[in-house]
Amino acid sequence: MGAKSIAVLTSGGDAPGMNAAVRAVVRSGLSFGMKVYGVMRGYNGLLNGDLHEMSMRSVSDIIQHGGTALFTARSPEFNTPEGVQKAAATCRNLGIDGVVVIGGDGSFRGARDLTGAGVLCIGIPGTIDNDIACTDYTIGYDTALNTAMEMIDRIRDTTESHDRCSVVEVMGRRCGDIALHTGIAVGAIATLVPEIPYDFQKDIVDRMKAAQATGKKHFIVVVAEGVGKTQEITERIQKETGIESRATILGHVQRGGSPTLRDRVVASRMGYHAVELLQKSVGNRVVAMKGEQIVDFDITEALNMPRVFDENLYRISAKLSI
Amino acid sequence: MGAKSIAVLTSGGDAPGMNAAVRAVVRSGLSFGMKVYGVMRGYNGLLNGDLHEMSMRSVSDIIQHGGTALFTARSPEFNTPEGVQKAAATCRNLGIDGVVVIGGDGSFRGARDLTGAGVLCIGIPGTIDNDIACTDYTIGYDTALNTAMEMIDRIRDTTESHDRCSVVEVMGRRCGDIALHTGIAVGAIATLVPEIPYDFQKDIVDRMKAAQATGKKHFIVVVAEGVGKTQEITERIQKETGIESRATILGHVQRGGSPTLRDRVVASRMGYHAVELLQKSVGNRVVAMKGEQIVDFDITEALNMPRVFDENLYRISAKLSI
Amino acid sequence: MGAKSIAVLTSGGDAPGMNAAVRAVVRSGLSFGMKVYGVMRGYNGLLNGDLHEMSMRSVSDIIQHGGTALFTARSPEFNTPEGVQKAAATCRNLGIDGVVVIGGDGSFRGARDLTGAGVLCIGIPGTIDNDIACTDYTIGYDTALNTAMEMIDRIRDTTESHDRCSVVEVMGRRCGDIALHTGIAVGAIATLVPEIPYDFQKDIVDRMKAAQATGKKHFIVVVAEGVGKTQEITERIQKETGIESRATILGHVQRGGSPTLRDRVVASRMGYHAVELLQKSVGNRVVAMKGEQIVDFDITEALNMPRVFDENLYRISAKLSI
Amino acid sequence: MGAKSIAVLTSGGDAPGMNAAVRAVVRSGLSFGMKVYGVMRGYNGLLNGDLHEMSMRSVSDIIQHGGTALFTARSPEFNTPEGVQKAAATCRNLGIDGVVVIGGDGSFRGARDLTGAGVLCIGIPGTIDNDIACTDYTIGYDTALNTAMEMIDRIRDTTESHDRCSVVEVMGRRCGDIALHTGIAVGAIATLVPEIPYDFQKDIVDRMKAAQATGKKHFIVVVAEGVGKTQEITERIQKETGIESRATILGHVQRGGSPTLRDRVVASRMGYHAVELLQKSVGNRVVAMKGEQIVDFDITEALNMPRVFDENLYRISAKLSI
């Protein structure tokens, strides 16, 4: 029983650790006796037949590299019923009965549709933003966190030498997790996230003045991309506190780099779990992490789950960084 | 009610992230209106009165530093009934009714004894080895993992250029967690841990030959300190496989370095939780992490829990690295 | 003979390695039997008496830290004849007959003026931009180069995964050295510097198309801050080549971080050389690096030297990155 | 005139930056209209015909990787007159009239012999040890220095937390350059190099005690591999000073890792220079760095030059680290 021939692709924004997941899918599949295909540039590779059979050695020496060795791209054509049918036809022609899709919510919707067209699909959450509701953890998140933190550690050196305030924008359009955790790790005096409204006077200015009263002379403010207006916030801080303030937008640096151990290990575990599901002929599931366990959910249910922001940790962070 | 005046100390081997925990204890305590003392060089500081009152600024700019700003040392004197009484007397004289002890199992036994002498103690697990049974995570573990991994990534470059085998000894005397996770992250062909006996022929030589048959030319073998005999293993590999082999013992480098985000954030949460317990006049507890939750256990119960090695993950790792 | 009592200060923008220079000045001075003062926040510390005597231990464990432990600040008051006299008076009152000033050209003008007022001053070039004409090397330059390079290495991962072009702005207002060297190190298809005008079509678009014809699919363009218009350049590249393009401004991250070995060693050598000069009662000199030698120049002559951009290396870089 | 077809190989121990040199040779050669071959595993590839023609894209995305993409190996066969003739024959058959050899002194002797057999050879110094007399700088040296320094920075954290002494062995069998520069950069209390004999009491014990008298409590001693006996030295330090002491041998970690900017840029310049020489039909030369200039020497003369250790810098380092 079980899938005899599977494919793996990376879709949406790339994330460090995707290569570890691809490697785990390929090696697990081969160790279960499956044939495994690597699909190039997301769903596009299924549409235009850009995929090739993988061996144990096809994924050698990729675990330590950022980005994705399978490349990634958006695929407007796949987002049509015709596109889904065309991709399913590619799979049928090659005898591919299972596909592992590494990406975010958009990629999972594609996986659900392709399962509907007869090809068992398993989603693996891969996105640096940690913005997928069903899982505590997404591949790439730990690397992005550490990259952002190390960059702000560097900014701190110059901020401190000049008695300044640095306002730093980190990634996270809908999700404040990177900002919250980075803010704690760098000792930010204030952290602004899309999930929680802020009061400029109370949450920034008053906090800075209270800390100043205890002798603090340099400040870091972390702003999530989804809050934005980083330059405007910076100028207003300087105006209202009199402290020289500078803005930095960390940007795409946060997307790359050699994955941290956690990203490599979690991605390996998720990749293995995905293949185990296909071996049992199970499809339409998303692999997820709950605590330290790897679990899985129905894709449609997963897509409907509400994201929960850790407001308690947000409150604690305010007590520690003053 | 609750503790009015608390102290914090680091004991046993140092671990990256201890400073984040100290900072969290100091700032949480002050924010709850407590007086907070920093104790120097572990329990010794309680014996010889080497402790000082901390302010919000006493712990500024330490979150990003490895080691412990409170220093650490063994304390043979404290490990006697008289020593415990003397430490308790120091606390009484200064009005200290709670102590947070950051360290390993040995340090927790001290905390239990000091609680018995009338001073509420809370333990926080701080050791790079992750060798404390009651918790999924100990402070310093993530940094040590990433340091070991990055060092082996470097070794891999020269190993690959020369078509060699590198045998690398990582920390972990009783506990193979560093070896297991590092082995997965660097794609080790074999990982030897103290928890699981190995068969040289089957688990090392045969695996190397099977991988060689698929075209693999360079190999990493990870050995936990508790398994040891790294030089001997290296020579035997070279002799039995004919592949040039080199040994490296990573050693104390793994103990230091700026803590990773995870170590900073978990340490901050644990420090806060410890103070919350003292504020409720609770003592004799160890703070622990279960999944993503911060919980706590009775110290005596915690010390008696059996450590569980993740044999399932160990088996999966063998499937991925071939 | 020689100076009996000296002071050291850091002025202008901070740079990684300044601490190594301060440490070298303090320890060399003490080893020569001098009294040594550390001056806080640049020339301001001389104006308001914010300086303190240093011991061997005052500079312990700072060599590995970015920023400056003496802090830095602009000093409009010092830039007046009255300010200079006031600073000279502080020195006279404390018996300080020599001052080492670590900073850029602006700081050296202050050093020249203060020498004129009777206090022997020695300048040490400390600025990440490498924009000081008399020296091949300024403290902080190597760290900034490596930071910029590592950040662009990370950007490269995501650029490659998406077949994109990334346009990255690095520091260097008047001086293209960071851009030139970083461009070589990351394999930039084009590097724009303030010293050399560029032809958008020929130097960017045509080069990208030529490389594309050989199979290249992702591109890095490095732009020096002094060239600017990074967003505009990015949009124009996308429009004229059809390749999806993204801009990143690396910003203040490049100013901080633990100094590289080269910055620590060169700073140590320069600090020692500066004190040797003061010991011989020589003032009004700038310490400089020529090849691997530490030399010194008259400050006024140094300030009048023309900067020379390495146009030959710029031409070579274009041959290598295609 | 000039070479029409050239080859490039890496030989001896690998070094970070070799890939940048290979890339520069390939791209410079192609830009001069030459045909360029990449030779696998050092001189072996010339003996057994394991070489292939390179395009602009053959060296894409290797500049940031440690190790050598052409692999390296010893070649006992090549070290015979017959071996040299066989290699020369391979070159003649393929029309290769120039070879660039990246490696150390042993590799240069091979290049000299191969030039004697009618194939113009140019040597590029690539070895982390900086042990080649004719050049101020060898490819890989800067990366090895920074790796060693960063590892000792980590060791320092735990050394300081425990008030210990750490004795650290760095690479350098015949050459103390890595030890000297690393010792300065980490503030080692003593640095032992093969070029200068040491007096245990005066150079280690007395220095530690003098520093202890000023309040210093933790110590780093750096020992070059060529001095050795690191464990023995460590035990003797503990015995004679009473300070708890630990030994670490950094080992092969120092050979790998992504090259620093300096290694990438110098390697690029040297690779370009080597091809320029071949284009002028010049052979039997070693490319070298003098100050910031790229120059070249006759191979035989270069091999006979005496290495000069910077004793003056060694003396200065002793003044700064106390």
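Here the chain labels run A, B, C and D in written order, and each chain numbers its own residues starting at 1.
Just so we're on the same page, contacts are C-beta pairs under 8 Å (C-beta built on N, C-alpha and C of every residue); 3 or more make two chains touch, one makes a residue touch a chain.
Chain labels with UniProt names: A, B, C, D = ATP-dependent 6-phosphofructokinase.
Predicted model, so just to flag it, every value in this text is computed and none were measured.
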{"item": "Other chains in touch with both chain A and chain D", "value": "B, C"}
{"item": "Most widely separated chain from chain B, with each centre as the mean of CA atoms", "value": "C"}
{"item": "Fraction-based call for chain D against chain C, same above half, different below", "value": "same"}
{"item": "Chain centre separation (chain B, chain D; CA means) in Å", "value": "36"}
{"item": "Centre-of-Cα separation between chain D and chain C, whole angstrom", "value": "27"}
{"item": "Inter-chain centre distance, chain B versus chain C - centres from mean C-alpha coordinates, in Å", "value": "39"}
{"item": "Junction residues of chain D, two or more chains touched", "value": "153, 156, 160"}
{"item": "Contacting chain pairs - touch in the sense defined above", "value": "A-B, A-C, B-D, C-D"}
{"item": "Chain A-facing residues of chain C, complex", "value": "10, 13-14, 16, 41, 65-68, 71-73, 147, 151, 153-163, 166, 246, 248-257"}
{"item": "Chain B - residues contacting chain A, complex", "value": "20, 23-24, 27-28, 31, 55-57, 60-61, 63-64, 136, 142, 145-146, 149-150, 153, 156, 160, 181-182, 184-187, 211, 214-216, 258, 260-262, 264-265, 268-269, 272, 290-293, 313, 316-317, 319-322"}
